[in-house]
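In what comes next, subunit A is part of two complexes: it sits with subunit B in the first one and with subunit C in the second one.
Up next, the complex of A and B:
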């Protein structure tokens, strides 16, 4: 186990290093870093001072060491627009994105699993077929288009829910969250549903495929033969066995949800990290872009690591084959 | 040539369903056309592609030639007649009096161009690296696959955004970003099927004939890895169209002078809330129809070409 853990942590560190190097090369080596890192509105003396402070007059490898050193200390430069450390600004927006991603994840499981199990139990019924057709649409329609349709239907035509923003928030453990107020919940529902739709389709397909496999197994036949009610067979015997793959895949998908939140946040004007990234790209606020990328890479790599390790606890075959391989 | 490829590929597996057709290609095509939805998908896609190719010669105006636009015609709903030319705007106009039907024809061209050019480049790079990795194995293999694994552990949209944030907007830059995002899928697909093929006798035979590595890889090995590649390519082309639209919608993709469907939708987004739905909805429908049509074809191809489902 320890060998596996060390290996996996090593791989994650390599991934972070490689991405950091690529981001560094992208900013420092392609084009002139003076243009990239220094505010275009800075005066001549400010430029000279910043060049000296960032060490831009030094050779590339020394600059790389400086970049790594300050990144390790949590310093990724000051934002041009806000004039404050970029990392701080992103961390302020982090709870909004995480709240959105977690609520979306919950929605995709709570709605996706029952639909998938239903479609797996009755694959030939009209209901089962329409669930599958719906999941194909969830896969194929671009995320932003689904979001626009949701706004058009629920905010413009029906007028039930607000079209954007975060609504009223409350302070919990030092973070502002929306889901505890009625107004906030209303604002949260559409963006969370938008972010959830793609994953929901994935969950439906996974749950359906696994249900179809599980219902033919001997233990399900035995449970039926014992005279258990269909309800008990489905809720206990089938559900338990399909949840392992669903939970694993979803864990890995949480990282991509943080990335896809960029689209949802832009469509719904949700004040999270993703909207901040798009705004920063438009305003050419490069330190913020670099900080967003490094933090997101860190988040995704960490999530992947945690899910892999947890999974190997649940299923010893994984870690054994990894150590051998 | 294609018949030959599919002939060797089909040897190990029994046909999907016995039909009168003799060659595996004919058999696969027959199986494909059995599914009504897939045929509809194919027909819709061919129509859309044809509209994109000949569009500029049949639509009423060039939407980016300012001399042809009339500000008087701005914001007309679908079916209204033009004040200047007397022609009908079947899908309405945007703020500048641009005919949406014409704008969609031009936008579709850019969307499909970006998707297919990036598909071609990504397949070339991915397939070459995948075949090389599986054929030589060892260090080359683990190096290439490490890069593939690393890249696939990050969401495609994030990688594309990083690149475009650094490079700026432009059709060529979007294509580059899509190539970089997509090659890894092809490399992984080809490698996984080529690694099985490399162990077979005909590759040993080819090696014994002292053929060059290049000839063995691309004339003997590669043709036997084509079926899964076709499936992945149809899925990826839909993904590419969707990703390009998303990037352009976010304002980091194609430039304003060459709007794709995604950018047209973004431009109309502001008017959507005020009720001028047509500026955004019609390009959206064109986009969705394209993607769904390709996915329907891809779904069927996956069933037809998957040896595990053949009984």
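Up next, the complex of A and C:
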């Protein structure tokens, strides 16, 4: 087990290192930040001073070495635009994104699982077919367009919900959250729904496929034969068994939701990390872009690692084959 | 539960009224297209920061809606000689913490500008010429400059005045150039400005809270020296994408937005909102590589046709500026003949080049290119209003006289880097004159490239004319406004007479407001919350 764990951690570290190199080089390739940052009326000496202060006068390999060195000490540099540590600025925005992702996740489970199970139990019914058709829609609608449409319908035409922003927030454990106030909740609903629709479709399809597989299993037939009510069969025997794959997938998807809520946050002016990333790209704030991507990599690699390790606990086959290999 | 149901009922009620919601009594919410990078008014020389922080921090001089310098914290000013200025300061002005405003605060504020750490773009370009500052009495300030600087009063509009007391200055405060002042004490850096005790200005509003990415809230300052603004509380929200910004206005989330996309304006008006617009100080222009060899050219046997004034004139005559303004800019622009819209300072009011493709073809033939040539036109695609479409239209118009033009559009950050590396033989860009006078575009766009002197910094076409340089140099030393204006007009004439740069149009800046609000549109494109007023009655605003 320890050998397996060590190997997985090693692999994760390699992945992070490769990503760090790619991210740094990629960001380096897109334009010169000084051309965007500095006032066009500035003189050459001021431009030169700014370049030197940002460390952009050094050759690429030196800049990279400095980046790696400070990154190893947990410092991803100062933002060019804000003049403060990039990680701090991102972490300020983290609670907003996390809240959005968690609410979206809850929505996709609470709505997706029942619909999926229903479609799985009655695959040929009109209801079941419409659920499946709906899920295709959820998969294929572009997130940006879908968000604008939600705003148009619910905010502009009906006027039920606000078009964007975060609304009233309250402090909980030093973090500002929206879901505890009525105003905040209203602001949260549309962006969360927009983010959830895709995942919801995923959950529906997963739940349906698994339900169809599970209902043919002997233990379900046996439960039926025993004379248990349909309700009990579905709620206990079917639901329990389909939840394992659903939970696994959602665990992984949570990472991507946190990291890539960008489109939703932009459309709904939600003050999370994704919106920060877009703004930073426009301003070529290199340290902030790099720090954001590195944090994202870290989140996803960590989640994958945890899931893999958990799996090896659940399924000894993985553990054994790895050790042999 | 009852609370929830009443709120639901309220939501339903508001849903039934389809007319746009007017601003709540005493509170104004504005949707801005970008957000300030700091609450420190001296941190970042960027219009986004300036326009919101001017509600809180003021300067000696302010620029009115047409960018003429007007007294703000200074009641009057005069040039004693070419290098010495005397400012009479306003009496009875108090900072938000109650402290009185004196010359010491001005000296402190100017001293701090070069001492701001990590500034992405420092305001020190407007203070580096100051060699000495001293107070004759608490409300009279003498400023000496290193060489004559007629722009000093205008530039003083960029010095945000902070309270020396609140910032922790020592009793003895003496000026020294480039951050060598003495008695500054521990200078608070930008991060400290989130503390209301530090962020005190003399403006009509007090900074209440700033939540990055979300909103900035300011409240009315009761003891403000000037006219009290109409709003008790103002909330400014950054909504960077245009679609959501318009939606926020239509949904009644905000009472006012800046720069709605031109194509959405009819819809906004239909929904009962008000549109105000004004010519901006931004000119959109074409610059051409006149530096000998140029990249991205074809069919010219390695020569650069753009060094020939006839070819440049042909290009200008080939462009139908009226059509661009009407069809692509939706009428929200004006065809341009100069680098700054008249009647701003230093403009001559010359006529716009006519649309004459026949004459253009003749000129091309005279220059030795009867069959035209191939060229690449560089443009940003997210910086100016409908920039890429304008460039496409220009390309088609040039194709009609035989110049086969390929448009190379890229995002602003990419475009400016490539432009500065002179990758385009011809490019489209814009220039807004921060000082509101002709010297600004002349210095940056057409003066001979000499970055060490801060001249021709954005002159990537490398246009150069000695006569222009000497006229401009002369103007920059002339304190007398009338004489300076004349010199600037002559200098501009030199560049335009040989088509050294081709102005296309002046952008118009648009704001959309809820009915019941009024805003005097500004040429500098600033959205100033304190200048938004309640309309005096129905229907009298045009």
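Throughout what follows, the second predicted complex is superposed on the first by the 280 of 325 C-alpha atoms of A that agree within 3 Å, B and C clash if a C-alpha of one lies under 4 Å from a C-alpha of the other, contacts with A are read in each partner's own complex, and residues count from 1 in each chain.
Everything below uses one rule, namely that contacts are C-beta pairs under 8 Å (C-beta built on N, C-alpha and C of every residue); 3 or more make two chains touch, one makes a residue touch a chain.
In this text, all values refer to a predicted model and were calculated from it rather than measured experimentally.
**Q** According to the stated criteria, A:82 is in contact with first (subunit B), second (subunit C), both, or neither; which is it?
**A** The answer is second: A:82 touches subunit C but not subunit B.
**Q** Would you sort A:26 into first (subunit B), second (subunit C), both or neither based on which partner it touches?
**A** First partner only.
**Q** For A:152, decide between first (touching subunit B), second (touching subunit C), both and neither.
**A** Both partners, subunit B and subunit C.
**Q** Could you look at A:132 and tell me whether it touches subunit B, subunit C, both or neither (first, second, both, neither)?
**A** Neither: A:132 stays clear of subunit B and subunit C.
**Q** Looking at the overlay, does A:279 come into contact with subunit B only (first), subunit C only (second), both, or neither?
**A** It touches subunit C, and subunit B stays clear.
**Q** Kindly classify A:46 by the partners it touches after superposition: subunit B alone (first), subunit C alone (second), both, or neither?
**A** In the superposed model, A:46 contacts subunit C only, not subunit B.
**Q** Identify the partner contact of A:260: answer first if only subunit B is touched, second if only subunit C is, both if each is, neither if none is.
**A** First partner only, subunit B.
**Q** Tell me the contact category for A:18 with respect to subunit B and subunit C: first, second, both or neither.
**A** In the superposition, A:18 touches subunit B alone.
**Q** Which of the two partners, first being subunit B and second being subunit C, lies in contact with A:247: first, second, both, or neither?
**A** So A:247 meets neither subunit B nor subunit C here.
**Q** Going by the touch definition up top, name the partner, subunit B or subunit C, that contacts more of subunit A.
**A** C
**Q** Identify the overlap between the subunit B-contacting and the subunit C-contacting residues of subunit A.
**A** Correct list for subunit A: 30, 148, 151-152, 155-156, 163, 266, 278, 282.
**Q** Okay, in this complex, where on subunit C does subunit A touch?
**A** 3-4, 7, 11-12, 14-15, 17-18, 34-35, 37-38, 43-46, 117-122, 124-125, 190-191, 211-215, 237-241, 243-244, 247-248, 250-253, 382, 411-414, 416-417, 420, 431, 434, 440, 443-444, 451-454, 457-458
**Q** What residues on subunit A touch subunit C, complex-wise?
**A** Contact set of subunit A toward subunit C: 30-33, 35-47, 50, 53, 78, 80-84, 89, 92-93, 96, 148, 151-152, 155-156, 158-166, 176, 182, 186, 266-269, 271-272, 275-276, 278-279, 282-284.
**Q** Which stretch or stretches of subunit B touch subunit A in the complex?
**A** For subunit B paired with subunit A, touching residues are 150, 153-155, 157-158, 161-162, 164-167, 238, 242, 245-246, 249-252, 262, 265, 269, 272-273, 275, 277, 280, 284, 287-288, 291-292, 295, 299.
**Q** Under the stated contact criterion, what part of subunit A meets subunit B in this complex?
**A** Per the stated touch rule, the residues are 15, 18-19, 22-23, 26-27, 30, 136-137, 139-145, 148, 151-152, 155-156, 163, 255-256, 259-260, 262-263, 266, 277-278, 281-282, 289, 293, 296-297, 300-301, 304.
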